[in-house]
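The letters A, B, C and D name the chains in turn, as written, and every chain counts its residues from 1.
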Amino acid sequence: MARRLKLGMVGGGQGAFIGAVHRMAARLDDCFELVAGALSSDPQRAQASAADVHLARSYTDWREMARAEGARDDGIDAVAIVTPNHLHAPVATAFLEAGIHVICDKPLAVSLAEGEALAQLARDQRRLFALTHTYSGYPMVRYARERVEAGDIGELRVVQVEYAQDWLALPLEQSGANKQAVWRTDPAQSGPAGCLGDIGTHAYHLAGFITGTLPVALSADVHTFVPGRRLDDHVQAMLRYANGARGMLMASQVAGGAENALRLRVYGTKGGIAFDQEEPNVLWFTPLGGAAQRLTRGRVNSAVAAHATRVPAGHPEGYPEAFAQLYKDAALQIEALDAGRPVPPESRLLTTVDDGVAGLRFIEAMLASSAAGGQWRDI
Amino acid sequence: MARRLKLGMVGGGQGAFIGAVHRMAARLDDCFELVAGALSSDPQRAQASAADVHLARSYTDWREMARAEGARDDGIDAVAIVTPNHLHAPVATAFLEAGIHVICDKPLAVSLAEGEALAQLARDQRRLFALTHTYSGYPMVRYARERVEAGDIGELRVVQVEYAQDWLALPLEQSGANKQAVWRTDPAQSGPAGCLGDIGTHAYHLAGFITGTLPVALSADVHTFVPGRRLDDHVQAMLRYANGARGMLMASQVAGGAENALRLRVYGTKGGIAFDQEEPNVLWFTPLGGAAQRLTRGRVNSAVAAHATRVPAGHPEGYPEAFAQLYKDAALQIEALDAGRPVPPESRLLTTVDDGVAGLRFIEAMLASSAAGGQWRDI
Amino acid sequence: MARRLKLGMVGGGQGAFIGAVHRMAARLDDCFELVAGALSSDPQRAQASAADVHLARSYTDWREMARAEGARDDGIDAVAIVTPNHLHAPVATAFLEAGIHVICDKPLAVSLAEGEALAQLARDQRRLFALTHTYSGYPMVRYARERVEAGDIGELRVVQVEYAQDWLALPLEQSGANKQAVWRTDPAQSGPAGCLGDIGTHAYHLAGFITGTLPVALSADVHTFVPGRRLDDHVQAMLRYANGARGMLMASQVAGGAENALRLRVYGTKGGIAFDQEEPNVLWFTPLGGAAQRLTRGRVNSAVAAHATRVPAGHPEGYPEAFAQLYKDAALQIEALDAGRPVPPESRLLTTVDDGVAGLRFIEAMLASSAAGGQWRDI
Amino acid sequence: MARRLKLGMVGGGQGAFIGAVHRMAARLDDCFELVAGALSSDPQRAQASAADVHLARSYTDWREMARAEGARDDGIDAVAIVTPNHLHAPVATAFLEAGIHVICDKPLAVSLAEGEALAQLARDQRRLFALTHTYSGYPMVRYARERVEAGDIGELRVVQVEYAQDWLALPLEQSGANKQAVWRTDPAQSGPAGCLGDIGTHAYHLAGFITGTLPVALSADVHTFVPGRRLDDHVQAMLRYANGARGMLMASQVAGGAENALRLRVYGTKGGIAFDQEEPNVLWFTPLGGAAQRLTRGRVNSAVAAHATRVPAGHPEGYPEAFAQLYKDAALQIEALDAGRPVPPESRLLTTVDDGVAGLRFIEAMLASSAAGGQWRDI
């Protein structure tokens, strides 16, 4: 890396969760330096939060920040957007229009139309728009994609993906104490999808990322278990792929006993693979009729995995490193874009605004199918 | 056990698979002695097979066997039916009518009507009709049921059950060499359901056995992957329960890399459980928000598990023992029925003709829903 | 199998543990029929026990039984000896002298001299002497041996073997209620070694069986943790092999939390293997620098494994099947011996009196080294 | 954190391994900013390396660096020493004498005498001396220590610890291409212990850290497998504790198939625990006679674990985070020391120069015992 890029942040003040993770991720590989932020719309909280993280420039209004940073010679290269969902699009729009690259949490937006407009704007402005589907930063996820692409499981037959948590098994949002629970179950901040948008899109993205293909139709059942909850907390769907492959997807935030169980199995004509986010240094590959191989991060002979790895075999990496990988790839692309060079090939697995649009398409198809009694819907 | 019961067998000649397993299971706990059989309709093969297994009386016609054994003073107490599916009902009918108890492989029959008639006949004749849903013989499956029944996972919310194999990933039936593959993919012998009847019913039964409840509706996608195959080889479905619980079921015989992966997870308001048939001495229980407990056969303090166990903690039992458990429970019930005593409570988990009827109901709903484009169907 | 062999049993009356396992094992593959026994030296208990297991002929004195059975035309072919250790040698001697084959629990005897005399007698009488080192009956243990023998791990470098239990963590023998605990901690019945003889010999045997080689020297620490216990309950040792390989062995019956954790890892110049008795359908093989392979019973292409297997891939077998395998191999050898034919090659992995002698040699070296402050001792 | 501390580094130039890990660890929690370094004694390499990592001040001589930084008003607060072992003591001495806090890789020094002198100097100078026994930074390792300390496993009985790798299974040092292999097998740079010092000390430290106690005597076998290698590559030992507890320790760099398999099991009178470095988010706890509990980082209710954790339950942390934890604790202590405040209690688990001295004591006892044919030696 020739130099550290300058990063700004919108959202992520005291009490937030994902903002701190973004900051750690941005720092880990020494590609970014956080210099500016509108961490909170509350002036006092903004200032206190800024001091905590040693910000050079603190704003209370993100519109002003976009304007000011876009105008400075030493303004930020990129902004990390870590607000609740409903602000993703307006904030991103402001920064893109100011000529600033965007790294945005998922889901991309609260409607497909909004997302598509963002995608168009990013293209028009020729700015990077990275979407942090963190799990695609794991070396073994990228390696899985490489193996599938190389034909090692043969033709795709079956996709089984699920993402189970239990942190919303009780009506946690009702006391108001858990800020995460409050906004994630509030349609005004989260958009029309609850669990579906929060983690269903991760499951959907992971399956598409590894198989290299998206389903063409789905039949869904979107459900709310906890009485009084205003958004879904459990979704399930059957999937169909263009080549006839079948799939199932489940995402739940009320699955008593589950921590963060994002798991994928894919079966093809020649073999199958399995990945469990809670054990991310491992990928299972089983050839048809053969023995399961426990492939580990440091021992697979793969440039793709090596690019996404920091420490030797047997020294586990985790979620912060997967997140950092997205920032590292973003830095590589920003440098190339700013220099008018082609994007380096090793950074190409970075998830983009188009992944975000696909996620919104998925959300809309899920909601529509479920509303129509599970009718199969094209995605 | 006061005495060894006398067992007959229909089917299970040389080259068959499940017949040998039944014989081992019948023998293991010393409750039965195999004395008679119509192991094959081919006279030479019947005779050779009978010699292999030291049969006292060998028949080539099961109708004659039913008649003869029913008439002998020292005739068999029970018959094990291990033929292809289409013969289950006619053979069972003949033996029930001869007053002989029946232990029958699953699925019960090739249509719901046929199954219901059998159930009625068994009731009328006051004979035992055990259906060998083997996996319900595992101590940890029975223990799981006990824990759910005791309320340890709270109210049921989510059922995820699947049964994946890969042995039919290729068109194995086409060469004719693999007898199992031939009849299991032949509608004339298997009935209208392939993978669905063969292993889908196991998955369905296991979920119902452990949760103590059956879904009230399903939306299905019944599919055939292998070109030229005459029955389904992959099925998936979404489930709904009376209390609002949701579920998913998948059964596949073309899942490249899978051996015999029958797996169940159940999530409730207070916690979750998980069982994997390939590691049957273990049951996972995780309380809501707590640590997963790896419960093992020998260490759970449970009369139900103890009744289904033979060797001490840490000495694994397997599939033959689970199968033997059904025979042991059958022997206990036969002794009681013959003596006019009530069935011993510890034997009550034995799967019955009614489980078979429920399985046929499931098959018919799956086929109907899938034929109607996945429409939700009552079961 | 042309015919069922006739089996007798000494020991194994009501309340015993291993006798019932032997009976199940003898029955499982239909090679033996239990017809006679001296199940207890107490006449009433002998009679009640005999009735329980449908014995044709019940004795109260094993000397008389040896004499009588040896003299009958239809006398037993083989005797299973399941008494406490101190009786193994006298009982085996009596039956060998009566021309009857012997299947004996381990350890072989209570001293090396006694064991060597037995081995000589078995050779002189040309009778089978099988020693039930059960764990060598597991298909994946036999397969492991085959892989090592084929050179797949290269030259042997490191052996790590351990057998941990916790059932004697408390002074269980002191109340007298647990018969197993009483005799196993009593030098008069167990011989000079407690945990060392009971499970240390299993660990030692397993390592030797799989690697195909025994250490030439050891340095031991034999210890008793529980106050008042009269025999060791925890042993540890370092091992050296002729080729310079190193090893460690631990056996404990006071390891709080352990069930029956017999585990072996072997590392060589080309790779390593790992086996865990509590998951016996699996063997791990890892080539040097490569990915671990989870080899399963039904999927390894091996005649050796196939000979020791009963049900298809993914249908777990367990400890009863491993035990049965010894009986099956014993039956094959007895038939051959009685017919004057060479022993069938597939039965050759059956553990013998010589394995028992090696185990006694190990016990004596362990005790001697530990008594000498851990001095290295030749074995 | 009130401010970022200023960090210097000695060693860790291009091609080194652990230097980059230290930098990442120092950065992760935003407690340190790397500003100065003597990354290489080769001037060109030093300069190139310094540019890579955006160093403000680059030196080629660490003596000069210590002097210069000690004299500057804005000099470094602490130095990270990541050289080969033989330089640890001289470099640390120079910086301590310049009043600069030290964070040093392990082993502490190449002799016990050298180590003890360092410890004395650190005390005299009242400077922090942190030793990076990384594995003690894992939340579940610290949590394990807490549970043991709370008495949850009862009195200590058995310690089984091992650290197996295979990266030196072949004579990798002979080509000279692998710089790590060259210096780690060179007595002039590594000191008298090879594998023993490199990873044996980690295993020893981990066992002591978790159990809160060190063995009082050992009997060792220090061995070299690879022909021509100048230092040991495999060591094994038996351990004895003051209370009578027993233990075994193995460390190997030639264990074909092993990645970085640092594993510990501890058994006590009330239960046992198990930790595997390759799955660091998990700790197993099994009460005597009970079910194993799979405790996870995010779900144990422990301030000690929480202090060492960054992301929520189910989002894995890894080796970089464990390393960062040591830097975070070091920062907390440096701030307190510099302010004349007592060290914050939550930072107290940071490993120190005294842990380093204990490690050197262990090395010397191992070498002496092995040289004396495995004689038991006091540690």
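Heads up, the rule we're going with is that a residue touches a chain if its C-beta (ideal position, glycine included) is under 8 Å from a C-beta of that chain, and two chains touch if they have at least 3 such contacts.
Note that the structure is predicted; figures quoted are calculated from it, not measured.
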Mutual neighbours - chains that touch subunit A and subunit B alike: C, D
Result of counting contacting C-beta pairs for C-D and A-D, higher pair: C-D
Rounded Å distance between subunit A and subunit D, as computed from the means of their C-alpha atoms: 35
Inter-chain centre distance, subunit B versus subunit D - centres from mean C-alpha coordinates, in Å: 55
Inter-chain centre distance, subunit C versus subunit D - centres from mean C-alpha coordinates, in Å: 43
Of all residues in subunit A, the ones touching two or more other chains: 258, 289-290, 292, 296, 299
Touching residues on subunit B, where the partner in the complex is subunit D: 289-296, 299-300
Interface residues, subunit A side, partner subunit B - complex: 153-154, 157-158, 160, 162, 164, 166, 169-170, 219, 221, 223, 225, 234, 236-238, 240, 244, 246-248, 250, 252, 254-258, 267-273, 285-290, 292, 373-376
Subunit B residues touching subunit C - in the complex, by the definition given at the top: 3-4, 17, 20-21, 23-24, 27-30, 53-54, 165, 167, 258-261, 277-281, 296, 298-299, 310-321
